[in-house]
Amino acid sequence: MSSPVIIINLKAYREGFGQNAHKIAMYAEQVAHESGVTIGVAPMYMDIHPLSHHYEIPVYAQHVDGIKPGAYTGHVPAIAVREAGASGTLVNHSERRLTLAEISASMEAAKAAHLETVVCTNNVATSAAAASFSPDYIAIEPPELIGTGISVSKADPGIIEKSVAAVEAVNPDVKVLTGAGIHSGECVKTAVDLGTAGVLLASGVVKADDPLAVLRDLVSLL
Amino acid sequence: MSSPVIIINLKAYREGFGQNAHKIAMYAEQVAHESGVTIGVAPMYMDIHPLSHHYEIPVYAQHVDGIKPGAYTGHVPAIAVREAGASGTLVNHSERRLTLAEISASMEAAKAAHLETVVCTNNVATSAAAASFSPDYIAIEPPELIGTGISVSKADPGIIEKSVAAVEAVNPDVKVLTGAGIHSGECVKTAVDLGTAGVLLASGVVKADDPLAVLRDLVSLL
Amino acid sequence: MSSPVIIINLKAYREGFGQNAHKIAMYAEQVAHESGVTIGVAPMYMDIHPLSHHYEIPVYAQHVDGIKPGAYTGHVPAIAVREAGASGTLVNHSERRLTLAEISASMEAAKAAHLETVVCTNNVATSAAAASFSPDYIAIEPPELIGTGISVSKADPGIIEKSVAAVEAVNPDVKVLTGAGIHSGECVKTAVDLGTAGVLLASGVVKADDPLAVLRDLVSLL
Amino acid sequence: MSSPVIIINLKAYREGFGQNAHKIAMYAEQVAHESGVTIGVAPMYMDIHPLSHHYEIPVYAQHVDGIKPGAYTGHVPAIAVREAGASGTLVNHSERRLTLAEISASMEAAKAAHLETVVCTNNVATSAAAASFSPDYIAIEPPELIGTGISVSKADPGIIEKSVAAVEAVNPDVKVLTGAGIHSGECVKTAVDLGTAGVLLASGVVKADDPLAVLRDLVSLL
């Protein structure tokens, strides 16, 4: 069994871009080295290049458009985030929803650019649907729990177990991540015990008073 | 094996709303009676009520929002189209794409309102994904063929066969419709021979010089 | 000076579509006749045809797409709502926002179809911008007050006065309506005293225990 | 009278991001130094930081979201592009349209971040509307001419003259740029003769065989 993965979405938090992004990435790299756990970050576009080049951790785009390079303004092709240094991308985050056709196109573009893919979903049916695109990961985040500090693994473990089963039925190679409300080592342990490959979280680390301490806590029970 | 179904999307064609919608619906009813084939129409919202009450054919909304009745302006809850007389709805048409989460919500709302559901998709992967929501029908319409008069069943039969197989693997109760470019009885026959339950078409009937003749041709080889 | 106008947005409220829409429209017609005040309703698309034909009050679409009739699924051209019986339309309601280019196209389509236009805005700058399109009305609805029962004319009269002045500077023929939180005759009177031509409201009437009594109260101080 | 400005939108062109973006920016800097004309570039987000730090030319974001820093994934607050080094931003480009309320919010955020603003519009009415937000520039790009190599200043000089007049009537401090189809020094000269402050172009430079030669031609008649 492979080691769990932790992905930290820096969102557009004041504490998560520019110099603050460097701080989080540095801590993530440090705790990854201490613990052997894979810890990645998903910064804003402008921070993809500097973080990718300064730290030895996976860097994910928060979104890619399912387009080929061309006449698109304010859009981001997968190949461009790859060349900027990203090794993966979130797709269809609840704060950046895509149509079904766009998910299909984004997945195709991301795979062609050799980006690892993390498709975000909100319930069992959408998780099963997302598995049809064979992403590397599906991150389940019930919208009502995002940013609450109430871990989905505690509030509704059933949705995780059912999603793991539904995803496995469609494509057993797709790994599942637990999202929404993750904030402690206990949350991460529960997520892994429920059969998921790790967690996707944001405010729990980014807006913490002591992000380094939180990161150490997250890996403490693995 | 059940009889094939033909669904005519009236879109926002000048030839497809108001009095023109009545004409198409009247012809559809006539040919349905002559042939025993089920022929439905998907008119603009304003024509749902009159068509549902004047003709004995299935009437589909072109879209429903995945919302409960409430403070939404310019939106259409499934229960409202049901009460207006519709018996089903298109979901995620290529000219009205929805996010994955919206498809999930629309499907839930449509089922709760006892509406038949026809989810439109554009390729094999999106068809498999759509099957996760257990709609009554999945209509495959490769966007590049829509409105061309080039039938998908002729231009790319492989996409139909692969989609039928992919949908069946996810949920064998979901029927598939062939869309895009359908315009003749031969197209319909090929669609059925490829394992689909019928066709979804629009301009082939709505913009025809003689819609009644086209409708009779469509059912001629069944 | 022309008489004030009251427009009731029925939204997608359970109390505002189907038979319930008839009830509100009937009351609106009754109070319009009693008082001489113009009272219009903006029902869901499916109710445009029946309400337009049963009642002698202005009926507004909640939204029109800035398209010509054609290959658009789930869209609503201005000419189609006109033919269904509407005499006007809301444009850019806060629950159905449009891009600047879409507002331009919707306005053009609505005028070509001889629909009265009510463009909704959220602050002074967007009200001035909307005036460039020369609509019949601009309805100012600060989003934070919508559905609160706190009248904008009480909470922030300054935004109304400044918007009236800004709109007049761009085009003095454009009338302004006060929206958000309107629920009583006092609100309507204040709205008129602030220089606006009337009010746009929704829940205050639609979700009232006694809509007829509220309607009578709304016109009581005019 | 101030010197004309030339802004090159690098879009998502293969020839416009990563190392290719550096090449265009280097040429722009060179020709700006040779000619004294201000030449700016609008690269993809990931290239904002490197281009801002390597070249002494204005760098514009292609889009900013009208949000404050916070829980937004795949979004870009104005303050973040400012901190990454941009000195301005495009707003409402035809390939990234915004609602009227979003334009208002983006303008407010951009001004708060001390970014120069270039609002893109498509006709006279939208240009007048955009002037209500008091941007630094309004760039008129009739969509039907974008990417054609047919200069708007040649195809439809009337739209430019009317837009200049309409913008001036609303706010004489707002400068106008001519967009769409610009590709030569003659186009730029005509644009200036029509009363605009410069040009916004893309493929004419970015996809040229010899961008340096095109840039020199663009400034040749000023």
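A, B, C and D label the chains in the order they appear, each numbered from 1.
In this text, a contact is a pair of C-beta atoms (placed from the backbone, for glycine too) under 8 Å apart; a residue touches a chain by one contact, two chains touch by 3 or more.
The structure presented is a predicted model; accordingly, all values stated were derived computationally and were not measured.
Chemist: Where the centre means the average of the CA atoms, what chain is farthest from subunit A?
Modeler: Between subunit A and every other chain, the largest centroid distance is to C.
Chemist: I'd like the Å distance between the centres of subunit B and subunit C, where a centre is the mean of that chain's Cα atoms.
Modeler: From the centre of subunit B to the centre of subunit C is 34 Å.
Chemist: Where the CA atoms of subunit A average out and where those of subunit B average out, how many Å apart are those spots?
Modeler: Using C-alpha averages as centres, the distance is 36 Å.
Chemist: Taking each chain's centre as the mean of its CA atoms, how far is subunit B from subunit D in angstrom?
Modeler: Each chain reduced to its C-alpha mean, subunit B and subunit D end up 43 Å apart.
Chemist: Note the residues in subunit B that touch 2 or more other chains, in rising order.
Modeler: In subunit B, the residues touching two or more other chains are 94.
Chemist: Specify the contact topology among the chains shown, as one of line, ring, star, complete or other.
Modeler: Per interface graph, the chains form a ring.
Chemist: Let me make sure I understand the interfaces: which chain pairs count as touching?
Modeler: So the chains that touch one another pair up as A-B, A-D, B-C, C-D.
Chemist: For subunit B, which residues count as touching subunit A in their complex?
Modeler: Per the touch definition, subunit B meets subunit A at residues 92, 94, 97-104, 107, 121-123, 125-126, 128-130, 132-133, 166, 170.
Chemist: Show which residues of subunit A lie in contact with subunit D when the two form their complex.
Modeler: Checking each residue of subunit A against subunit D gives 9, 11-14, 17-18, 42, 44-50, 62-63, 65, 67, 69-77, 80-81, 83-84, 90, 93-96, 146-147, 202-203.
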